[in-house]
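Per-chain residue numbering starts at 1, and chain names A, B, C and D are given in the order in which the chains are listed.
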């Protein structure tokens, strides 16, 4: 039997990292729909993230994206966060929104462009020093659109060289986490298309290089929880980028497209010790919800991660292992489904009340009047969005 | 044996329609990379399209996109086209780039938004009257991002109602061609996700409603040539939107990702009479090539369609049918592959020379100096792109 | 608010049809794993199906597969069913397991093979007359493995001709339900690859021709509930073949791979009147569970359909429609998710108790001792399996 | 410019390995269609393989599958091969066709089953000693069908342990090549689903463990040539299993579904030194062509590999690299396409004539009368097929 008080303790200590860009405008190549009240700068993004943390109690970390969140004084930004009960999380480098990067950044054929890109990555480590962030999060838009456009292995050489220089710059308590992505914006090849590529580079770099699993970055039919389990076994799971997809990298709210998959992933995390602090797995959200209200959508995603976590923690591992050892296919599956089919919302309401929170985070947020406040006061200036 | 002179005649009379938006800037949600010399208005787009036609001899038609190509005087635009040996082709309606359309256009829950969208479609028919365009081309970005967001069947009702009103407005020689798309920008459902949906609506509308097959709008594994053959059999293939994809709707140059598929599609067209003028199948390109030179990329796509067409026309149909009737799997496949494996570039060079064209369209374009000219002279103003 | 007693009534009157072949051995191309106690003939299959119905109370119908379930006297088989509280459901024709069908059955290039196949279909209608079955269920393995192997449109002609002859033979209360499948066993094209093809043929045949949606027969990323909603709107949804897939046509237990998808499908059924008897939608299982215990796996699938149905019936449609009309994306999604996140197992236990059933069907079946009985007594003979 | 005589030399020295099981009957889970004249034992399979080699001149190696090709005296089998100008190639282990393996072989929860499976692998190394084969080729059908069925990481432990024991048993000149496969026959997880998993195990085993790339074993949208290039860069590409797929693991003739992909793969091989003998990349076919004539289908596959190889060797690498270095997207792609669009069949006819072969391998085979001979003489006995 599962120990319910241990489950509650785990749920209370969970830390989910929300992305600064989740508070700004976003869209598709067809249209970005602006929303009233959206932040104009990183400080306002933190203000919104603080609302999410206030409502849920489990979202104290905020990822930054440089240069979208570039400020003159990062210590000031960190202080702004601290005042609101937040900490600055991963620093996401961005080497895809300047004209120089049309054919790549760290893998570009031109060494001058590569130099520029690596310098940006090194600058991000400087920022980590200032913000106290642990993780340099690397996703490269690099790749090619056409067969023959560039040399696949030459690009791997350039990638390895860039990563190596940046890894050497990391402080002792800092990590590099390397994301992979099947496609988009490059359509023929990306330079880190799958976990194997990221893993192979991490192995060569050293123990502080780890893999990021973005749940939207796989080919159809890929068993993501297998990858999660495998990386945990190897000690190379650095972070999640949670979001949902029906087709491609749709970046929808976490758990909205396939809640059972999210549960299965978190079951592997639970079973393989991934919730233990010393594993240092970062549970980040990375969503670009284009048409629904910004802050409530992040709250909903946080709640969905909590619910899936609760279900994962409720799996009766002893019963599961007994059925597995006995080759009881239906019995083992039933143990897992029992946890999944449980309605954990009452449990989470209890957990929140024990933490002094409103049991209903969305209602709690609505009651704050924050949404009206920001719509009324964030007038003028330029709304934050991808690219700003 | 295939009659080579008939093949040449067919190749000379082929008409490929290029998209006005293929001459402007485009990109992904991550970045639009601008190119020097890109047109600032529809007249300049036609100037570029004229270069493609001059180089290839088979691209006399240009599709417009409203409001991207809105002008005060469409007769003037048509005259501009005519002076350059061009004709204005399909009018593409656009109901996806205004804030009102965040939750849909003709399928929006709010009747006011639907009215606005239908009025735009009717306006497009007015434009057709002015330009002499035959086809109203409809692609709807409408759909939903989340389960439950809106009612699937209610949206079908609204769609049917809108199409019906617009169809009634068409002149006798005008057609409505309805595109389908699996996903993007809507991620959970689109309102016309597959050919079956488009076909079912067309059936109810009448004989001048036909289906558009965009080669990038299918789920992985879909056999597109089956759809083409089926629609030709039913007399409901209205047009192609040719482009290439490796993963999603990548909108790359035609024939660049899977030239064998393009050949198979055109083989079904050839075998089922789709190249005959009275079938009125429009052979359009719809590509958004983001990183390569604009005009040469369109020329390359036109050439790729020509080469695949030539191969399709070279298939020895008598031999093919004999092998098929005999149940000779390897033999029938070999007949098809013989045509595909033929290098048709010498044949096309001959065809071009017989038409008084340079045998090498890309070299011919390079020799015109047009690229330098537009880079030098198209200074100032706002470059055309998606949304402008 | 949802009316709970109406939900219970609906759940009690649900009828799920189980497949005779689900009680026999099955496997992949690599291996069929035999199980002890598996039936040797259709009578024993019915005995097993009766256990499923006894345990669940909602599985009174059994689909047959001809010739796998061919018997000398179908009236005797129907009587055997009736004695066990069962009725014979759809008759599934099989035109794929004889050497003649290597290159197709009703679409074969050779008219003699087509004649043989059509005669088999007509024979199946004779059997329907004898068994009182309403539905002739047609799935054709027909298709091609290689481009050029046979003519796509010629095969459509042959298909139309065959269907037309068989449709004309149907009695007034009989229906033809036509299944589609993306691929397998044909790898290049199938002759009915998608719902659009099936729908187009049904339209031409008449009102008693309807489409079968097998949940495992779609390309990755296909939104199945859209198809279900569309067909219900058109009055052309004939039947479901429920099963689960992670990749291809895996034929796993219903609801085991994506329970949320099953819920979304049944939500469309509920919302569009598909549970009403006069709609005549058949809720069939079509699974080939290869490695788990046969009867318990079918019980589990039935329970999974029940649970998804219960959740679908619990959706607060008034609240949903209000949120949809208001364009409240998060609110509308939340209404749907509220129902999905509900643990309906207590409700179903109640329903069963009110029907005089054991609240736990799997425990009830285990308690019967039937499994030991069949293992002990079904000795000798040839176990039923695909092909036998 | 490409050196044509070097291309010819490379083509003449190419060695393609054909699979013994490609000469026997095969099929899908729905039906195995038997063909007259199919071999009854491994000796007859070698006789057929000798025909392929005689016709093409480049197929001197034959892979065996144990126990399908088990014989009492492997030295006799090797001698039989040698007399026909053949050599015995990879030994394929088979741990998926016994009842014990229902839930896995080397990853089975029961140590007794694992022991049995490992013993079989060790026996395969014994056979390699007898046949002089270099490669132990491992593909495991191991996996699970349902979430929770077994423990993903525990299965990895068992896999690692088994591989380690077998690797230790290899002789100095022997290798282990480990295949991966996304799905089938396991539907939820396989235990080696992707190249990353295989690669990670190989790294730990040692330098003589390498990855097998089966072109049919990937998720839709996977860029296979990227994997090939990456593995070549790492020195870990052991072998290819060539075949074609449209959807899943269709095992069709090589190059029949996407000849451009085959070319791109072989372009990466050529560019990264993979055709050099010291790289020891094995070029195997692994196809199960179900409906077409056996020997001609293998000949056709061999020819398709030759043609794609010829095109890959014709790529003007200097021009390609210059265009890549200049960031000339269209130019670089054009260099590649120039080679692909070349009709290399005349070149291959020349090559064959210079080798003293008939320029048309299929006509040469037809002229031998072998097909009639085997149909007439291979009467009685049991035809070889999967499982026999």
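Convention: a residue touches a chain if its C-beta (ideal position, glycine included) is under 8 Å from a C-beta of that chain, and two chains touch if they have at least 3 such contacts.
Please read these numbers as outputs of a predicted model, since none were measured by experiment.
Peer 1: Count the smallest number of chain-to-chain hops linking subunit A with subunit D, moving only between touching chains.
Peer 2: When the steps are counted carefully, the minimum from subunit A to subunit D is 1.
Peer 1: Give the chain pair, either A-C or A-B, that is connected by more C-beta contacts.
Peer 2: Top pair by contacting C-beta pairs is A-B.
Peer 1: When the centre of a chain is set as the mean of its C-alpha atoms, what distance in Å lies between subunit A and subunit C?
Peer 2: Whole-Å distance between the two chain centres: 40.
Peer 1: Rounded to the nearest whole Å, what is the centre-to-centre distance of subunit A and subunit B, using the mean of the C-alpha atoms as each centre?
Peer 2: The separation of the two C-alpha centroids amounts to 38 Å.
Peer 1: By residue number and range, which residues of subunit D touch two or more other chains?
Peer 2: Residues 103, 145-147, 182-183, 188, 220-221, 223, 246-247, 256, 260, 291-292, 329, 333-334 of subunit D each touch two or more of the other chains.
Peer 1: Enumerate the contact residues on subunit D facing subunit C in the complex.
Peer 2: Listed in rising order, the residues are 26-31, 33-34, 96-97, 99, 101-103, 141, 145-147, 182-185, 187-188, 220, 245-248, 250, 252-253, 256-257, 289-292, 386-387.
Peer 1: Could you pull out which subunit B residues touch subunit D in their complex?
Peer 2: Listed in rising order, the residues of subunit B that touch subunit D are 220-221, 223, 246-247, 256, 258-260, 291-293, 296-297, 300, 307, 329-330, 333-334, 340-343, 345.
Peer 1: Under the definition above, what is the set of subunit C residues touching subunit B in their complex?
Peer 2: 103, 109-110, 145-154, 156, 182-183, 188-189, 193-197, 199-200, 203, 218-223, 225-227, 229-230, 232-234, 260, 264, 267-268, 271-272, 320-321, 323-327, 329, 332-337
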